[in-house]
Every structure is written in structure tokens, then in C-alpha cells.
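Below: one structure in C-alpha cells.
Letters A, B, C and D name the chains as they come in the text, with residue numbers starting at 1 for each one.
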Amino acid sequence: MARKEYAFYPGCSSQKGASASNYLTSVESMCKTLDVKMTEIPDWNCCGASISYAESGELPRLVMNARNFALAEQNLPGQDIVATCAACWLGSRESKERLEHSSVLMADTNTALKEAGLNLKVIPEVRHMVEVLIEDLGYDELAKPVKKPLDGMKFAGYVGCQTNRPFGIAGESFENPMYLDKLVESVGGTATQFDQKVTCCGGALAFSEPDKAQAQIKDIIEAAYDSGAEMLVTPCPLCQANTEVYQGQINKKYGTKFNMPVLYYSQLMTLAYGGTAKEAALDGNVIKARKLEEFAAK
Amino acid sequence: MTSVVATNQTILVVGGGISGMTAALEAAETGKQVVLVEKNPYLGGRTVQLYRYFPKMCHPTCGLEINLRRLKANPRIQVLTMAEVTGISGAKGDYSVSVKLAPRFVNENCTACGECNKAATTEIDDAFNYNLGKVKAAYLPNDMAYPQRYVIDPSVVGTAEGQAIKAACKYSAVDLDMKEEVVTLNAGAIVWATGWQPYDAAKITPYRYGEFKNVITNVEFERLADPHGPTGGKILRPSDGKEARNVAFIQCAGSRDENHLRHCSRFCCMASLKQTRYVDEAFGADGKSTIYYIDIRAIDRFEDFYQQVQANPNVSFVKSKVARITEDKNGDPRLWGVNTEGYIRYAEPHDLVVLAVGMEPSVKNVAIPIEVLGDSSGFVMADPANGGIFGAGCATNALDVNRAVQSATAAALGAVQVVSKVARGEA
Amino acid sequence: MSRGNLREGVIWIRPDTDAARETTQEMAEDYVRMACAEVKAMTVPAGNTNTGTSKTLLVVGGGMSGMTAALEASKTGYKVVLIEKTGALGGMAAKLWKRIPNREPFKAPMDNGVAELVAQIDADANIKVYLNASVVKTAGAPGRFQVDIAVESGPTVTEDIGAIIQASGFTPYDMAKLPHLGGGQANVVDQLGLETLAKAANGGPIKRADGKEVNSVVFVQCAGQRDATKEHLEYCSGHCCGTSVKQAMYFKDANPDVETVVLFTDLRMPGNNEDFYRAAQNKGIVFRKGVVSNVTGGGECKVKFKDLILNEDFTADADLVVLATGMVPTTGPDLDQLGEANRAAEGGNEEAKAQVVQMMSKSVLNLDYRQGPDVPQFKHGFNDSHFICFPYETRRTAIYAAGPVRRPMDIAQATEDATGAAMKAIQAMENAGLGKAAHPRAGDLSFPTARLEGCTQCKRCTVECPFGAIDEDERRFPLFNESRCRRCGTCMGACPVRVISFENYSVNTVGAQIKAVDIPDEFSEKPRVLILACENDAYPALDMAGMNRNEYDPYVRVIPVRCLGSVNTIWITDALNSGYDGVMLMGCKHGEQYQCHFVKGSELGRYRMSKIYDTLKGMNLEEDRLMDLEVAITDIDTLPKKINDYAKRIVEMGMSPFKGL
Amino acid sequence: MSDMNQQMTARYKNNFLKEIEEQAEMGDWVKMCMQCGVCSGSCPTNFHSAWDHPPQELFMMIRAGKRDEVLESGSMWNCVSCYNCYVRCPRKVPITHIMHGLAEYAYRLGKAPKQQPTQFLSKTFWDNATKTGRVNEVKLTQTLYFKNGLMDGIKQAMAMQSVALGLVKAKRLNPMEAVGGGHKCKDIKGIHAMLAKARELEAQRKGRAA
């Protein structure tokens, strides 16, 4: 019996072969070491993300999330829902808030859920993986299993938007949250003074309005270099993808020479806990984190 | 052991700022017995920490001097400093109040000669200057401090330095064996005048107060402008001591904001308008002030002052709540936002940013050791249910000095009514 | 009692060196001699015997402020005479359908509360009410006022009064003066006019004069207010934003579909009124930051304005337009204007005579004072105090203003204001009864007396007294009203024949100190400079300079004076004649932003000094032998420097030729 | 003019504020804005490529009844859902959601700018996600590239080739998903029925022809 159990909501991008599959792999390795049991919510569905707003309308979006709640409540009673993806976490938490705030929406939602043979009574807590690490385990616990501290490696902790606003992590400020830096330090790494840690990466506009988004991404990477960081670390799949995969195009457009690996906190922790490059899914990085690969090989 | 003469015909005034002093004096000059308790080692409260008053640009110490003269001339007022009310029991017409007295380590023999200060070596934060400077561990809180007696910081008691300080005093005024004591006194009515405190600017995270050295608060700016402040009245910015010629004032820093203070703090618009005068006096045409505001609340005849400042070409107004502040490499705070009058985006660097932080009660009604009604901000609400307890000044509302004195004068009458009834045997 | 200021005045301002010892010693000895000399010249004040004994408060004005003051005074155990010029109590507040909330929750208009106060007054045996009444004459002084009250029917009544509160209120600014905003046109009303419509609607849909139900209304803020051109009111009346919010709610509460727009430039809702503003927005009242250029009334009103946010001109149609015009205080005639008119009238100018009659008809108190019938006004016609720390100070002892006559304010503030005014009035009655001075020399028992046999009836004292304390008797001799007096000594300073004095402060008490100083001969190279320092700001500043160990010249000798206004020129001429090398006067700031605790004292003092320079010429003395310095209490560091600079200047000029004569 | 647009103009006459209150998601908050502008200043995209009308100005325009200018504006489509405005608003107005709500409503009325790329992305994403209950990233990108026809799509694909290839190499883009592969929910039928019901209920609540 694991010391903690949660209803796991991996989200679309974290599935095998999807854009954040490396996130999933490293989270699994990390949780194994920390003895945290994550049981996937059976037949979970997409949260709709923020971007679906213009097509979905309000109720359909709520209902999509409500379905996940109902499935969790039914199959994993009493367990908090834990999401690793910022968008999934935000979408679910927002839905929870609105449904709990409006009896009308709750009633309509259940009417709709009935069509899928489901019913929603109590909405479980919806939490981000990071919250579990910080609040349920704590930095000291996270430091304990460290076998290979990431000595001398400099990371810019890029928190981004949706794990930070509007809900954020308890006790952290919207403008200068420290938890990611603390996570890095708890596994022996060095967090740099990075003043773009909560700047938006452009989110979904990276697809629809690449120029606007890439202008913002440029600021972020630049600041990371200025801060003396060798790598970027983030808790959000979209932040990860946007800041990583467009560096080449930005180099073309702005004549910059960006080549900065972007990792998930879970990858760093896996490595520090003695995990292999494979377990940390370093192969999943488009911009290879050579330094970490060597570190893992040692 | 401190002895206080008080009966159920005595009026207890809690708080020795301008409101408390006013209430005490008005009651005493009407023939009533008053005990005035103040938690600082001196009277005058926040007003003494101001450089000038709007709209006259006159000096708070002027009025304080008159009030101190009235106080010294009046045998009916007993003053307890370094004193805090810890308990209140009883009811209108007959309260029993316990007051905790912190040790000053200096007794009545003190002639303020200052030898103890010379003997002291340890430096502590200068609370009077909002910790912008340091003072020796044996200090006179400010030039007009009443009582005119030094204070010794507990940190040096029981040290060799403490002994040296004691030895330096020719008048055996230093008493390091003083202990905290609690006195219980009787009162017929209580005037609650514990005043206000500036809202904690660090909570307004987009402005990075406490992280960026050149982002300060309006109360701190008063100390910078004051010739008796930490910079000798020169407007120098904290990061590098450079003259702050280009100053930004951010209004509603915490006020009118459901994430912070719901209420409008009323005085901050006038305070910032006044402070642009400091910049003007210091640098003339080389000085520049910019006020970022939502509404300029220069109410009633203060409008004159607003119009005078508007007429100054070196002062500009931007209708905008500043979104965030970043820091340039050279330490300049850069303000980001949109001027909503005609939608003009700005990313403006300044030498110094002054946050016009609002007022919150320094003791919220719920923290008063007996039930007193308050509003949603914790200000004391006038209500018969409060019995013989009357709020005065900024304990009751966000007020400027003039309004606070008005409020305190009214509160004094409430208290006088109670003790007069007691005297007539009606209560 | 006299104080030889050896610590702050000598020891702390001199270096502890052998070189300095001699001059420091001389300084100390002089101060001891001066103190002794002063004590010899003083007598202990016996206290004013001509005290009144009346403890009855007169309240002029039966509105919210007046009623509150009356009730509060009564609760404190004092009798009250309450005068209301109309036929009923309640004043403006009674004309309101509802009032702005003054307590939690700040979300909806509240009952105006007038009925409750009126009931309390009716039930209060301590309060005597005169309706349809006015004050036709106020004679006497604090504690012994004789007030003649004219009532509609029946003979004039005279009441013995101890102190007075003027709560005569305000009238709305006349919107007829605002034709460009539709003032005077159909369906354009001021805020009071809207209250009338709301009362008529009694909670139902509000109808306009022609009976049409109002479906759209526009509020125009600051109408004829905050006017930099000075053509209309220059000030902001404070309450109007809250009042418009309240009135817009009248419409929304009766029918949520009524379009209500408030046009403002700065929305001024201080304190918890911010919640009232939120509540208004929540009810769907639209607020737009805009400047209104033109309003036309009639069947379909049109409001032309520029929206400052959208930076675009708009014209709003409305069934009704409400102009938020300001408050005009009911303070009575401006004494300066009246004075001028009077002088012209005495010169036989018929127009001026009519003007005087017209002005006098506006008088509220009809004071039988040498200096005019009402309380001198401060700014914009209000009876406010110029002192931030002392908001109730007027220039007429024991007469206080309360409510919108003192300063623009809403009901909540007026109520508090009236309570404070009652406190001050009660205090003034008590002290008058004991022969004690009122603020700022509270408790002072001394008072001025005149040796009339020496008086030349020049009237300077009666004209210059800042508090109108001195009248003239039928023989034109000064007639002192001790309990009106604030003990500043301006009369004493003004008197050319020096017949006015206090027991403990007189031409002699200071003169004796001047003489007590030992003047070294001209070869000693030791000049002597006399400093006459105002005891309110200058003298404390010198004391604090001492505490800060700011050294200054050992040749100065400082004598505190009550006010620069009390400085009699004889002190200066005597000093110079007896060999002083220079005289410094230190007093408070005068002029528009005056700091003088006695309002006019330092100004009058300085005016007198400006005349001395001729005398100096007569004595063949350089102008610089007399130096007039404006001092603030904070000049702790600059003051010693100024003293030293002046001492240098004296050395440059050389010793006074009058030494040893 | 679309039917729904006709329907709404008829219903709300010139009371645009009321229309937004009732029809747009979180629209009933618009009236609470006090024009401080902290939202406009907090928006990252507004500083990189200016909005025609920042949020606070849109709110003022709504109160001023500028229906067409607001609904036809491209501004709210710039929202990146970063929530800076929301967390800083002194009136706690959920500005991010109102931006979404305005965009969605404009789109329903057929007044949104033609070929608004974000609107297209939104539709593509939602259709893609609800088709099987989970997002098929390959199909998603394909649809995006080929929105303007084959040629343009190939150009776009070439341009993004490096990106795509990188992802494929990193096993984060699975070409197989293009052909039938990819993740699905089991109860797709239930999900579709559920969503149909939800759309119906929402249309009812807002008094729109479903």
C-alpha cells in the first residue's frame, strides 16, 4: 500500500506518442521513487483546454470536465484528482468552482451527464502534481531520496501562467512564485534569478498566431540566458512545447542562437533520484539536454 | 511601581496620536479627569512622522507643540507611554482596564542630556524613520519627544554596554532593573483612538515592494523629505543614493481593491499631491512627478490644492492603475500600464516609485479586548451597543488629520456625557 | 513664575571650551538677571471677575447639524435654545427622500432620520425651540451673551446665552447661473429638485413635472463646481457623487429598466462609500468619465459630452437631467466687504448705504461687535478654521460653526461635526464661567486692562484685535470683553501710549528684561543682540536647536513673547537706545498660509515694525539693526545659522554708537 | 445578418450592456468595471502587438452601446488566457472569461472577423477533442495547416517541418495517429449524447434557437 494514492488525470498531451509523453514517463518514475500511487481515471476525456472556448460554449465544456469528476467519484472514491497538465488542472478546477457556485449549472450538468449514464454528487478536490509534491510530501521529503544531486547545474524555473494564475500554489505570489526554484534546489540544482518566470508563452496562439506567440517566447529564452541558466525547467506541457520547439524558427526570424533544453521538474527529480536517461525520458526532448544525458550516464 | 489615580469618573483615552491627544485635551479642558495611554515611548503618533500637512504645507510639530503645551499646563491628564491596553471588563460608567507597561529603563531623573546615547554602541532600526535609518540603543525617539526622556533598547540590558550606558548617566536616570508591569485602572468611559497603519505594500505583489529598493511607500517618502529624516531632507533613492528627480506616485496602492482594502483611504490622493510639492521644492524644473490614478479624490476645498498642482508643468497625471513594475539594470523601476484616457500604452522608467498605500486600522475592532462594533474594514462603528466606548480618529474611518481631530472632538463629548452622568449619580 | 533658560538657552548651545567659557558665563548671568527682573515686574493674575454664568447653548439653525448639536449638548446636561428660521425643524435633510448610508452595509439609501431627531427634540425638556425665528441682536460675551430673538408673532425675546453654535446650513448653487447646462429649462433639475420628485413618487416610478414617467436619466456631476475659471464654485462639495449614486438608485430600485447614466470626471466616494459605488454598478447604473459641454432640456433632453475614455463626443437622450450643483454656505455678509461698504456709506455714498442694508439683512448672528455682525469667513465663504489641527477655531470666542456652513459635507460628517462643535461650545461656557482663556492659551487667567486716563482713543486696539474682543464705549474708550479675549496681547503691542497690559505680561515685564542685560562698552568687541521670539513656534525651535546642540552666537539674548502682535515698538527703540547693537524679531508665517496661532498677530506686528525704519533713520542707525525673521518650528538647524549670520552682519556694521550714553 | 443576430438585435433593441450580461459568458460582470485599466496594462499580447481595443475599453464600449465595433473587433481573439488581468483586477472581474465569452458570442452571431485564426483553432480543437473524447494532435495540426487548401497547407507544413520532425524524432508526434491510430475514449457515444444535451440546455437557458 503506497503512502499516498490519487486519481490520476494525465490529459491528452501526456499520452503515449503525444507532445508531452516524456512528461508522463518522468512523472511515473518520480512517483515510483516517492511511493505515490497514481491510478488513471478510467476512460477520462479531454478538459477542453482554454482554447476551445469559442466553439464549446460554457455548459458543454463544464460537462466534459464533469464527466471526469463523475468517473473519478465512481471508480476512485475519496481520492483527490491530480493533473500534471496545467490546462487540465485549470480547466477542471474552474469547472469545479463554477458548478459548486451555481446550482443551475450543476442541475443542467447532471441532466446532460445522464445521457452518458453518469451522475455527479460531490466533486473531488482537483490538484496539480506540484501541489501534491509540495503540500502532501514537502520539500524535505522530496530531498530525501536524492542519490545524485544536480550539483552545479543552473536552471531557470519557468512557471508560466496556468499553474500560477488564477489559482496558483498556496502561499506563492502570482508575480514571483518560488516553488519551482525550491524544487530545483531540493534536488541539488541551482535556480537562477529569472525575471520572466511568469511571462506567458503565448499559449494556444503559438498555433493560430505564431508571430505574436514567438515574440513572447523570445523574451523568455533571452531572459533565461541572461540569468545564466543552462536549461529551462517547467511544470506545464504547453509552456514546455512552446519554449522548446520554436527556438529554431525564432533563431531564423531574429538571428538569435537559442539552443536551450527545456525540461520538466519531474525529469530533474527522476535523474536526481538516480533514474536513467530513459526513465527520465530525456530522449523526449527535442533540444537535447546533453549535460543531463552525461549526468545520467555517470 | 507606576501609580495611576483613576475612578469611574475618569476618561481613559487609548492612543496618544493627534486624535487621542485631542480627545484627552478637550475633555480635560472641560474639567474632566483623563488617563492617556500610548504604546510608543512618545506622544504624537503618525502625525509626527509626517514632514508637512496638506493643503497648507505647514508642519505637524507646530500643532503638536501647542497640544503638548496644553497637556503640560493641564493637571487633569495623566500620561502613560509604552503602555498597551490588554484587558477591559465592566460596562458603561464603570470599566476596569488592565494596562501593560513596557520598561523604558530610564526614569524621571532623565534630563535628556544625551550622555547615555554617547555611551551606547549598538545600533538598532530607527522605527521612527520606518527603519530607513539606524539609532543607538539608547535614544530619544524624536526631537519633540514627550516625555522628553531617553529610551534604552532591551537588547543591551544585561550586557556590558548596558552597564556602560548606566555608568554614563550623571543623574542615575538609567534603571536597567525596570520590569514590565501591569496596572489596573478604573474608568467611566473609554475613547478608542488607536489610529491607523499603512497597508502592507509587500502584499501588492505586482509592485515588488521589498524586492525593488526604489519602490517605497508614501509614509517612507515623508521621512525622506523631512530635514530631520534619514537623508537630512534630501530626496535620495535607497538603491544608490542618487537624487530622485523623476518620481512616480501610484494611487490606490491597496485601496479600492477587493484583493486588498475594500475601502477608499481618502487621504492618499491629497498626500501624493502634497508630495509632488516636495519634489518641486527639491528640484524645481529639474524635478518631475507623475501621478497614476483612478480618480483624484481632492474632496471639498482641497480642490484648490489639486488645481494648483495641475497647473505645475512638472507634474503630470495618468489615469491608470499601474499593472506591474519591473526593474531596469540601472535600478530604475519601470512602470507598465495603459493610460485609459484615449488608450495609450506606457512602459515608463522613473528614478523612484512612491506607493500611495492606504490606511487600515492598527487595531481592528475585533482585536479590542471588549466587544465593539466595526465595519467590514475593522474600523470602529459608532453605536449605542458600544456602551461607554467611543471610537475616535482613524480608528473609526480613513481620515485626514483635520477630520481625525473633528472626530476626536466629537468622541470626547460622548465620553464626557458618560462621566458627567456618573458624577450626577445618574449612571 | 519666570524661566531662566540656562540649559537649552545657554549650556547646550555653547561649546564646552575654555575659549567660550567667559562669554557663556556672561550669557548665563544675563538670563538669571532677566528672569529676576521679569518676576519683579509681574503680578499673579487674579482672574477675570466680569465672567458670565450662563450655561445655556444657543444653536442657530434647526437642520441635521443644529438638531444634533442641541441634542448632544442636552445629553451632556446643558440647556439649549434652538432657533430655526422656517416653520419646521429638519432643514435640508428633511427635503431628502432618503440619505446616503452611513453604516454597514453601504449598499442602499437609508431613511433620512429627521423624524427621529425631531421627536427626540420635542421630548427634550432641556431644549427650547423657536420656529420662524431669527437672531436680531447678539450682545455681550461668552458666558454672558444677550441674544434677542425675533419670532413671527409676538415681541422679541431675549435669552441669556453662554455659547453659540452657528449651524445655518447651505443653499444649492443657483442652476439658473448654468444656462449652458440647461439650468432653468424644463426637465432639468438640481439634486434637491430630484429629491422632490422622488418624494412625490414615494418609492414608485419617478415622474417628471409634466407627469411623464422617467425612463432615462442622466446625472451631470460637478455642475458649476470645481470651476478653475472662478466664474462658478471653485470647490468640490464632497457629497454630490454619493448623492447622485443614491438618486440613481431611486430610479433603479423603482424600475431596473430605467437607463441611468452618471457623467463625472473624478468619482469621489471616500471610505466605505466605495461599497456604495459598487452597489450602484451592480444595479446597472452606468458611470462614464466625461466632460459635459451642453445640456438642452424640454420634452426630450439632450446631453452633449465628451467621453474621456473612448475619447469621443456623444449626445445622450434623456427624459430627465439632474445637475449636481454645489453647496453655498449661509454664513452672512463678508466682513471685509461690509467694512468697505460701511466706510463708503459713512462718506455719504447712497448706493453703498443700500448695499450695507442689503448685506446686513443677510446677517445670521447680528453680533453687536465693534468688528461686525458675523463670524469672519475663511475661504469660499465658509466659516472654516485655517488650522488643520484645530478645525473648530473661529475668530469669535465661544461661537462655533457646525455642518455645511463650516465646510462642504454630507449628513454623516455634519452629524459628527455638530457633536464636536457642541463639545467646544460646552468647554467655552465652562471656561468663560471660570474666567479662563479659550484655545490656544487655554486656562490662562490673565487678561488685558487699560489705564484709560492715558488713552488717546486712537482705536488701534479695537480695530486690530484679531478676535473682536474690544468694543468702544460711548466716549470711544476701549471696552474690553475679557471672555472674548484670547490673551495674545495684540492690543498691547498696538497701543502707541502703552496703557494696555496684563498682570503677568506687559510693556514693563519685557522692558525690565531688556534693561537687565549687561551691555559691555563699545571697546569690548562684545555686541549684544536682542531677540524677541514668538513663544509658539520660534522659541520652541530655539529650544530644540539647543537639544540638538546646535551652537549659536553668545552675544544674543532671547526674550519669548506671546505673539509678534504683542511686540510694542518701544521695546525695540529702547533696546537700540540703550546700546543693543541689533534686534531680531522671530514670528510665525503670515499672509494667506499664515501660521500665526492668533491669526492676524504676526501680520499686524510686522506691519508695525515696517514703520520703525523711519525711527531708525532718525537715530542715524542702519536698517539692518532691525531684522525681521519668519520662523517655522522645524527651523531647528537653519535658525542658529541665521542668528550667526546676523551676528556677523552686526560685527560688519560695527558697534552701536548708543553704547554707554 | 444571421438569424441569431436578427433575433438578438430585436430582443435587446439598443441595450447592448444587457445583451452581453445575458448572452456572453460572465457578461454580467462588465458593469462592475471602474476603468482603472489594470487589465489593459497586464495583457502580454497587448504589449507585443497592440489590441485595437483592450479589455477595459471594450467594457466601456459595451456600456456606450457600440455593438458592431465590439462584436466585429478582433481584439478579444488575442487573449492567451494568461489570467494576468483577472488576478490583478481590483473588482475581481473575470476578464479572461469575459474575453472568451465575447469572442464566443460574436462568433455565434456570425459577427466575428472572417478567417479569424484563433477562432478556427478553437473550432478545430473542440471538434477534434470531442470526436473521440481525446485530442488527436496529428489530425489537429493537419487540419490547421490545410485550412486554406492543399497548397497553402503544404507550404505551412514545410515551414513547420523542422518542428514536426523534431517532435517525431522525440516520439512526441506519432504519424500513425493520422491513419486511424491515436487515443480514444471508450464511451464516445455517451459523450456525444451528453454534449448534444448540454448544447440544447445552454441554448434554452439563453433563449436562443438551438
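Just so we're on the same page, a residue touches a chain if its C-beta (ideal position, glycine included) is under 8 Å from a C-beta of that chain, and two chains touch if they have at least 3 such contacts.
Source: prediction; values computed, not measured.
Asker: Central chain, going by Cα centroids?
Answerer: B
Asker: Report the chain whose CA-based centre is farthest from the CA-based centre of subunit A.
Answerer: Relative to subunit A, the chain with the farthest C-alpha centre is C.
Asker: Taking each chain's centre as the mean position of its Cα atoms, how many Å separate subunit A from subunit D?
Answerer: Computed value for the inter-centroid distance: 22 Å.
Asker: If you average the CA atoms of subunit A and of subunit B, how many Å lie between those two points?
Answerer: Distance between chain centres: 46 Å.
Asker: Could you state the distance in Å from the CA-based centre of subunit A to that of subunit C?
Answerer: 66
Asker: At which residue positions does subunit C touch at least two other chains?
Answerer: 289, 309
Asker: Going by the touch rule set out above, which residues of subunit D reach two or more other chains?
Answerer: Answer for subunit D, listing residues that touch two or more other chains: 34-35, 56-57, 84, 87-88, 91.
Asker: What residues in subunit B touch two or more of the other chains?
Answerer: 206, 256, 319, 324, 340, 343
Asker: Quick one: which chain pairs are touching?
Answerer: Applying the touch rule to all chain pairs gives A-B, A-D, B-C, B-D, C-D.
Asker: In their complex, what parts of subunit B are in touch with subunit C?
Answerer: It is residues 18, 22, 25-26, 29-31, 53, 56-67, 69-70, 73-74, 111-112, 114, 140, 143-144, 148, 227-228, 256, 262-264, 266, 295-304, 307, 319, 340-343, 375-377, 381, 383, 397-398, 401-403, 405-407, 409-410, 412-414, 416-417, 420-421, 424 of subunit B that touch subunit C.
Asker: Taking the touch rule as given, give the residues of subunit A at its contact with subunit B in the complex, in rising order.
Answerer: By the definition above, subunit A touches subunit B via 173-176, 195.
Asker: Can you list the subunit D residues touching subunit B in their complex?
Answerer: Subunit D reaches subunit B through residues 34-42, 46-47, 50, 53-54, 56-57, 84, 87-88, 90-92.
Asker: Mind listing the subunit B positions that touch subunit D in their complex?
Answerer: 206, 252, 256-260, 294, 319-324, 336-340, 343, 345, 347
Asker: What residues on subunit C touch subunit D, complex-wise?
Answerer: Of all residues in subunit C, those touching subunit D are 259, 277-278, 281-282, 284, 286-289, 307, 309-310, 314.
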